[in-house]
Amino acid sequence: MGILTGGGDCPGLNAVIRAAVLAGTQRHGMEFVGFLDGWRGVLEGDAVPLDEERVRPLLAVGGTVLGSSRTNPLADGVDEGVARVRKQLKALGVDALLAIGGEDTLGVATALHEAGVPVVGAPKTIDDDLSATDATFGFDTAVQTAVDACDRLVTTGASHHRAMIVEVMGRHAGWIALHTGMAAGAHVTLLPEEDVDLDEVAATVRAVLDRGQAPLIVVSEGAKVHGDEAVRNAPRDAFGHVQLGGAGEALEHEVVARVPGLSTRVTVLGHLLRGGTPSAADRILATRFGLSAVEALAAGDLGTMASLRGVDVVQVPLAEATGVLRTVPESRRAETAGLRW
Amino acid sequence: MGILTGGGDCPGLNAVIRAAVLAGTQRHGMEFVGFLDGWRGVLEGDAVPLDEERVRPLLAVGGTVLGSSRTNPLADGVDEGVARVRKQLKALGVDALLAIGGEDTLGVATALHEAGVPVVGAPKTIDDDLSATDATFGFDTAVQTAVDACDRLVTTGASHHRAMIVEVMGRHAGWIALHTGMAAGAHVTLLPEEDVDLDEVAATVRAVLDRGQAPLIVVSEGAKVHGDEAVRNAPRDAFGHVQLGGAGEALEHEVVARVPGLSTRVTVLGHLLRGGTPSAADRILATRFGLSAVEALAAGDLGTMASLRGVDVVQVPLAEATGVLRTVPESRRAETAGLRW
Amino acid sequence: MGILTGGGDCPGLNAVIRAAVLAGTQRHGMEFVGFLDGWRGVLEGDAVPLDEERVRPLLAVGGTVLGSSRTNPLADGVDEGVARVRKQLKALGVDALLAIGGEDTLGVATALHEAGVPVVGAPKTIDDDLSATDATFGFDTAVQTAVDACDRLVTTGASHHRAMIVEVMGRHAGWIALHTGMAAGAHVTLLPEEDVDLDEVAATVRAVLDRGQAPLIVVSEGAKVHGDEAVRNAPRDAFGHVQLGGAGEALEHEVVARVPGLSTRVTVLGHLLRGGTPSAADRILATRFGLSAVEALAAGDLGTMASLRGVDVVQVPLAEATGVLRTVPESRRAETAGLRW
Amino acid sequence: MGILTGGGDCPGLNAVIRAAVLAGTQRHGMEFVGFLDGWRGVLEGDAVPLDEERVRPLLAVGGTVLGSSRTNPLADGVDEGVARVRKQLKALGVDALLAIGGEDTLGVATALHEAGVPVVGAPKTIDDDLSATDATFGFDTAVQTAVDACDRLVTTGASHHRAMIVEVMGRHAGWIALHTGMAAGAHVTLLPEEDVDLDEVAATVRAVLDRGQAPLIVVSEGAKVHGDEAVRNAPRDAFGHVQLGGAGEALEHEVVARVPGLSTRVTVLGHLLRGGTPSAADRILATRFGLSAVEALAAGDLGTMASLRGVDVVQVPLAEATGVLRTVPESRRAETAGLRW
């Protein structure tokens, strides 16, 4: 069996690898190799053996020991890509693939499956925006890390009557911001799924200050916070490109313009949310995904992906995993809409 | 509206209170009082006002600011208890109750509902063993705390070639042990739901030592680990009562008896798992439960309880919450059965 | 007695306040008020009573409940400032001051002392750069927070063969960077105290990548990393001002220019390091400083400041605390100079 | 060069090993072996090579990868032991030893030095009770872990109006209890260095309850809490031995006997305090000790031990390290004596 991890990394990838290798080896006598750096390793036949001794210590290790990349094996055409993958698998004696990744990686896996390459998947996205599963590992850790940061920032904000703006990942789906904001008690949470009323944000900031608290604002990197004015006045680099900065910085400009005298600080959490040891919940979800995927491989339940449905981990068709992004629905936004935390 | 928290405390109770009071006040113009120490406060009319200013800082605060107790208002008979509760509510001008608690507290709430007292519930159990919801707040925090402890203990175990035994809560349901064991990479996990084969445990301990690792054993306080021999030879206190000690200690005796020369250490995590600031996931779940419960109160959807179903929080009949304990099913135990981690 | 906290906040300020108020009240029958927002509160007579009940819960609370500011009461002249302070203290019946702050706050305290105003101090600087004490509270927490962040970042760096650059506070003294780099295992640590050889940094980055690790670079905000080229080509804002960005971002440009194809990510920890609950060590140091300062007040040992000397907390003359910044000495840099971690 | 770790493990041992091997290899061209399980490995010639690749990942890893034991090579006589050590070092081509350990390990190292065996030391004791250094690594981590536990326990204590008793390590020196109690805001802290007035403890517990707080009591395992009554009435095991239980349990009995109706919970932190990744401060101290020891080896400054003096790490004679235990002095106890936290 071959295992690969593709796309941006997240906490729990190693836990999937560990569970799959241990269960596959012990229960089904499988042998494993790990392809390095996602599909690059497959295309170039760059693989390392994965045995029990190698994977045992990996449960709590962040990231992926296999490395990851955004190499797309189908970039030069599906048929050609499939043929190259098939050739390399044959050369290395690899019978089937476990592809751990997000939208892109699972899209390739789907194409391979449709072309008859034996493959199963495990979903991975820090943003928790895959349609086919209730949750993906890494998300819980990311939110906890973001909330820990907010818990720290609010105390210094309060000491200086200062609005703290925290930018988190989430270009298209605002799950990290929604959950971070809810768990950190943010007064304003801005998601890519919603239009932003900057005057309303400013009014909230003033109201929070008026009652003696320090405003906390959590903003997705993909939130629509750049005003027209900001775009016009943005600095430009040597090539004349607009240097807009991130959503956090843009929001700071807009809010300060509307609340004279406001002191603010922006913190961009960025890659901090991708790293580190997985939370207990993520270790469990990742382990269960690895176990489920390997049973699917053993049972010939190919073209499927591990998925959480309620409290159960089941295999669903790979094709379901891609295509439609799971964004924050109106019903979730309505839960907290208008509340003054 | 009156709010009370009953039974053993857990992280997230304050977050429910905060969300319910803020949303009830802001959206529905409700006014709240908090009864102190669970049903005791109701029976004795011991209540404090809960307004926005009071509850705002509570999101991250562990435990319950209302206090809790195991007082059962129906202990002297259902009719009498209901009458006393009704009288006190009337005296304080309380129209309806939000009861946050487990099996016992929600059982009382069910009886009150059936007798016509307006009540809604929010489920609380550190053990995550209520049937009517996919998850309860506090559980995630408890597991994370237990896993953090295990992560620490394995390094000292490994330095001394020592088996580390960690006893966690769970008298009847082994969820905490199951998830702690899975997330900490335990070599043996013992649940109340299963018979324990002490010889097999000992064999695993030997095998783990043989491959140069330090055995980690996670055991529910309710696991069946006391051998007959142990019971016979147990020390007795001044009154002649058998002093068996907890499951961890008992297990230590049994394993040491089977693995001569084995060095062991037992850690009983106990109440450590109940305390502290809730994890991000628990703050979110608790907040959503509080929001859902207050909407049910506003909508007159009485006799119901907030419940997680997949990714949705819905209200389910209170009666569903009690009666049948949600124990670890065979399917979950089968996921990892026989694996050598 | 009056207490004030001045300058940028840091974890432990509240612990000083708590210890001082409890010990002063219980041992010496003192009464306390807290001035709000540092010297602003003194100048404007803006104060709140501080009694045992108010301060008891403050040990673990980050920041300062008194608020802080950079108001300088001597800005319009020493004599005038001293007179205004003296007048306000008299009006409020405050006999003596406990000033908790850094270079600036303690400088004012020194001037007040020299003018005969009864005052003692407690040193506060997140940067640990005060000469008169072996350590200041807040620093340990800041370093731990930075190291936790680095521990997270290295796993995602390793997954993507990516250099991670972490910018920490420290405009003039590199203590936070030195200790963060040492505790996080950074391959390069850049301090304000040293000239930066960007070619050497690039060579180290290449060497680390060559041996299969992901480079970790910790850089003080005050490190000298802006090359001449960078300054010339920097984008400019609408007013023509150079937009150089922070040290982390500048370093990224320089390193990428020297290591073609290098993938990098910059994380600016900034105010994250100022916030949150103090570490155990900082709670202890802050508590001891508070206790020492209040004993000095009681004993009439005025014009002094709490200070750690070895394992002892002693009072030293306030004048010693200011004037000379405690920067990282050559001997400390030599400890690790040239080592390839 | 040979390295060994002896006695009970603590966080930071691996960091010493890493720093010593990297600096010794890179700066002085030394080659290293690690003896397994302390002096046992020396006596039996059981050693593994330690090179840069092996030690690089060890900075944040708790415990010791070399293993540890309490084997005393001088148990059969000093001369015979020295001879056996010398023979094994010669057989393995080991020129000098770096012994990392506490009282016992350093005592052996002293004897070896006096017999002419080239040896330097690094102090290790979780209890921070070595006279020759201001601090030892592992202690900061242990206290932080204990304080985190207390922070959790106080919230559940407060919810149930319950006294929480926390037992920490410290048989002869109460540093862990003193610092844990101070940083956790304990109402009572009991050290081995002091007589215990159980009636006073009970009075404090009552007073804390009366003002609406939950009492927190931190007790060293070596505190003198067993009353005569307790000893007389203690249960006995099958062999008639008194089963007194630990200090925490004993204290619980005594306090409950004096405060009727008091609800209590005891948590024994035990080995939890020895394990896990070292705190930032401990990683730094351990690294500096490793660097200092290896420079001493290189310079021929034998028979010395790394030691923290103020902010400096220096080498002091090994003989100073042993003999006199560094207990909590009267001056430190006086700092907080009688205060009602």
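Miscellaneous remarks
As written, the chains take the letters A, B, C and D, and residue 1 is the first residue of each chain.
Here, a residue touches a chain if its C-beta (ideal position, glycine included) is under 8 Å from a C-beta of that chain, and two chains touch if they have at least 3 such contacts.
In this text the structure is predicted, and so the values were computed from the model without any measurement.
Shared contact partners of chain A and chain C are absent; no chain touches both.
With centres defined by CA atoms alone, the chain at the far end from chain C is B.
Spacing of chain B relative to chain D, judged by their CA centroids, is 34 angstrom. Centroids of chain B and chain C (each the mean of its C-alpha atoms) stand 41 Å apart. Across the assembly, chain D contributes residues 151 that each touch 2 or more other chains.
The touching residues of chain A, when paired with chain B in their complex, are 22-23, 26-27, 52-53, 56, 59-60, 134-135, 140, 143-144, 146-147, 151, 179-180, 182-185, 211, 213, 279-281, 283-284, 287-288, 291, 309-313, 331, 335-336, 338-341.
Chain D makes touch with chain B in their complex at residues 5, 8-9, 11, 13, 37, 61-64, 67-69, 145, 149, 151-161, 164, 233, 235-238, 243, 265, 267-268, 270-272, 274-277.
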